[in-house]
Amino acid sequence: MSDLKNKTILTVACTGAWPKKEDSPYIPITPQEEAEEIIKCWEAGASIAHIHVRDPETFGASMNFDQFAKTVEIVRANTDIVINLTTSGGLGVPDELRMKPFQELKPEISSFDCGTMNWQDNAIFENSPQFLEKLGYAMQEADVKPEIEIFDMGMIENAARLVKKGALVGPVHFQFVIGVLGGMAATPENLFTLADYAEKLHPGCTWGALGVGRGHLPVMLAAMSRNGHLRVGMEDNLLFKKGQLATSNVEFVERTKRMLAEIDREIASPDDARAILNLKNCNTKKK
Amino acid sequence: MSDLKNKTILTVACTGAWPKKEDSPYIPITPQEEAEEIIKCWEAGASIAHIHVRDPETFGASMNFDQFAKTVEIVRANTDIVINLTTSGGLGVPDELRMKPFQELKPEISSFDCGTMNWQDNAIFENSPQFLEKLGYAMQEADVKPEIEIFDMGMIENAARLVKKGALVGPVHFQFVIGVLGGMAATPENLFTLADYAEKLHPGCTWGALGVGRGHLPVMLAAMSRNGHLRVGMEDNLLFKKGQLATSNVEFVERTKRMLAEIDREIASPDDARAILNLKNCNTKKK
Amino acid sequence: MSDLKNKTILTVACTGAWPKKEDSPYIPITPQEEAEEIIKCWEAGASIAHIHVRDPETFGASMNFDQFAKTVEIVRANTDIVINLTTSGGLGVPDELRMKPFQELKPEISSFDCGTMNWQDNAIFENSPQFLEKLGYAMQEADVKPEIEIFDMGMIENAARLVKKGALVGPVHFQFVIGVLGGMAATPENLFTLADYAEKLHPGCTWGALGVGRGHLPVMLAAMSRNGHLRVGMEDNLLFKKGQLATSNVEFVERTKRMLAEIDREIASPDDARAILNLKNCNTKKK
Amino acid sequence: MSDLKNKTILTVACTGAWPKKEDSPYIPITPQEEAEEIIKCWEAGASIAHIHVRDPETFGASMNFDQFAKTVEIVRANTDIVINLTTSGGLGVPDELRMKPFQELKPEISSFDCGTMNWQDNAIFENSPQFLEKLGYAMQEADVKPEIEIFDMGMIENAARLVKKGALVGPVHFQFVIGVLGGMAATPENLFTLADYAEKLHPGCTWGALGVGRGHLPVMLAAMSRNGHLRVGMEDNLLFKKGQLATSNVEFVERTKRMLAEIDREIASPDDARAILNLKNCNTKKK
């Protein structure tokens, strides 16, 4: 593990909750497919795997515990990648099902969507104040680091309130997720607005960023310009470039690796990421 | 009606959904009380009355139609103030009840809360994409101008989407409401972030602003510095100054009038506001 | 001296280098006139007098030492106002003449124009790196607090360099002077850009602001919204309002006092200002 | 010439006014050396060559006309690269010598340093209002496009004034040069502040950016995130990466080309650049 200042954590989000094989035939859906994809991304250098699972029959968004367990088992057996389990696999899922995967499987990180908002044109993405408070304490109890997903400015305030209450513990780690209608748009300017505000309100925080869809590359460049951490993958964006589907999440990992190399930086190894984020629960069988 | 460039629209929000007599004995609650307060604010120069009503028995937040009808009747009989009826009198109210007051009573303006967010520490303030689209068309049909309340950056995106769909029609009018946990905090810097973004995404828009609670005066000064329109009243802030309850909403109106006079501006008369915002439905009996 | 957090330092700049009796018959030009004006502003509550003098024959910009001495003598004999002597009375003045007034007369504050820029359409306002370094050490030696005048973003960098070198000593005090062509324009947005940057680069700094000319009131409101300190006076602006000359600098002081009272703040007394800025050299005869 | 929206203009500044062989043995100094370097950069894909010359004896900063003539002649004979001649080869050069190269040699572009500032710790970089006005008209007369170099916010105001006067003609082209002490620091945030302001004050403008020294790569990424044009070369930065001198300006061109390819963009050909910037005076012998 060399100088951590020169390392960028790269999260790969291979599957997500929404894209279907009809959207891209290359998206991994089953635990076996997703785990194999994660293994390849890890071989290519990814630091963290952000994991969603799908309903085994409909392949739609799901918090199916068994699917999480299967995916995690294969990944842990074959890699030392940092595991990050979503708590937001679908809309309208009961609190207990959202929390069970991290409570039982003890990943090092879980996503923490820090507020409520409209989701695109069709739904409400609910994360009530009461749920967030409960979630924060549950993550502390499970030694899981919250990846605080920020879709809009007010969520940075919510995080500050939760820190004050003790439900979150600093230094916090933010993931700025922009480009979902209902939250902020995926522009470099918006990323800077969020990063400036988070750094002001949460001194000592760390952060990563991603733009959903067309804003993916501009937001990645803007984040790189400030040494922010990065996330790529089919959860956020199916296209490798205009008019061309990515045939594997590995393509995104490799592009990011090349871009970081051009500016004389490296992707953080899983252990680098553990050191940067001060993670616990490293349950990989590879170490 | 003289030069409109020199006029600032002042909305008074006398009652709101939440404060109780226990919080301030001076808050008007019944239709009679609220209407009398509005009449006095109009005499003091207010341009617009933003009206909430309360449940006649519990005095809690309500969309009780009869209470709206009673309040409006008295106000119209005694003033030519512009009437702005809330569509957000309480949480969890069915869509139809939220819309009925403006559909039946035909005010010139109604509030349009342009997204969903957590509300303080205890609830979700729901305005789903589907509701917002329905609401926009309903306001068009009723010739009611939407006062697009913006609590966070993403709501400005939502408004852009609704304009694109036709549910909102430009030039739009925004009310920046900051200081509610779940949305942005009530700081001058946040107001500028919102105003800059709204002016960029919605060229030709008009806007007003208010800070809830302690940020009330700093946000008012910041808005005045950019010639934004203003809102005052017990809905937003019960204190006239630190440690001192306002004994009437008129105190806020008069202070604002004095402050505008110091910078050689005037409160817009109701008719000035009608011209600035291009309002229809002027049903006052005073004209 | 009560709670300093609630106090706003008000500097009055009665004369400046440029305006002539032809521009406004009310502008004080001679030491006697200026001192009398300062006395009246002090009686009205001003905290600090920023003093320029004029050539006794041409009434043009000048660093004439005797004129400074005469003005200061009268002011000290009659008030306890904080004295702030310019170091920029005209363009192209030799360094020694720019420094002599503060070196000999030992005011509590002197202006420190922290960089070079074009001045309007017609000249260069020179403050070379070498001069600034010399000036900083000279002020330290004379126990004079530099009022670091900032006309553009780069001057905040210059100040940081001088702090690093030891020529300036923190916590520094900035005066944002916007509205002079060659530097930034007098807009609320520009003031926020400067204040944000100064607060980031110079933690613990204090600052005041003024807009030259038409931007005077918008910049004052924007500064007030963030509890910045203020400067008024005929150096910056001859008009009390559109189309109406101020007949005395006292009018500006009194307006500012009224505006601060509306937001429940007070003008800092001279002694309050001494405490806020940690001043030495209090040589008034009134104490 | 394909879709210009997908093209980024890359200027290479091989020599600059200041670096010496002692700083880097790889820097081209003589007309022959610089021209050969430009030819190689052109072969690698650079769009524009920004040219300085050195005194033939001291190798210091210079506006020596013959050196410009020699350099331009070789470049024009061997490439169709767009030629951009500096007007700022050294400090304290008489106006006529600064203008003669573009007046006589008729490049397509010349640099236009849009204000005066301190230069590092040791000098004033003078561009008085009078000089700028004269320079603007002289460039119009010579059909030379001004590359308006912006080191600080106030220079954007200066440009607006010159446009209003007619000395500059829109749509203007800016080069944001940050990282020189006296102007703004080379940070991504500062670049965004400048770009936001320029786009607001000069609708329809085009812009490029560069960070001097250590900020080179962060500023380049930030500019790329907003599809700004770019400049690289030893004038701005001698190091290819930390601790490693670039052995040729070509290294910078090739890195930029690779980085643009990763985001599915291309360097503009010289003819693309001519179309984007609407250039005249194409005097290359290669066409």
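We call the chains A, B, C and D, going by the order they appear; numbering starts again at 1 in every chain.
In this text, a residue touches a chain if its C-beta (ideal position, glycine included) is under 8 Å from a C-beta of that chain, and two chains touch if they have at least 3 such contacts.
Because the structure is a prediction, the values reported are computed rather than measured.
Asks: Give me the fewest steps it takes to get from chain B to chain D if each step has to go to a chain it touches.
Replies: 2
Asks: Hey, which chain ends up farthest from chain B, C-alpha centres compared?
Replies: Chain D.
Asks: State, to the nearest whole Å, the distance from the C-alpha centre of chain C to the C-alpha centre of chain D.
Replies: 38
Asks: Rounded to the nearest whole Å, what is the centre-to-centre distance of chain A and chain C, using the mean of the C-alpha atoms as each centre?
Replies: Centre-to-centre distance between chain A and chain C: 51 Å.
Asks: Give me the residue numbers in chain A that touch at least two other chains, ranges are fine.
Replies: In chain A, no residue touches two or more other chains.
Asks: With chains as vertices and touches as edges, which is it: line, ring, star, complete or other?
Replies: Shape = ring; chains linked end to end, path closes on itself.
Asks: Which two-chain combinations qualify as touching?
Replies: Between chains, contact exists in these pairs: A-B, A-D, B-C, C-D.
Asks: Please give the residue numbers of chain B that touch chain A in the complex, ascending.
Replies: 115-124, 126-130, 132-133, 151-154, 157-158, 161, 181-185, 190, 193
Asks: Under the touch definition given earlier, write down the residues of chain D that touch chain A in their complex.
Replies: 188-189, 192, 196, 217-219, 221-222, 224-227, 241-242, 255, 258-259, 262-264
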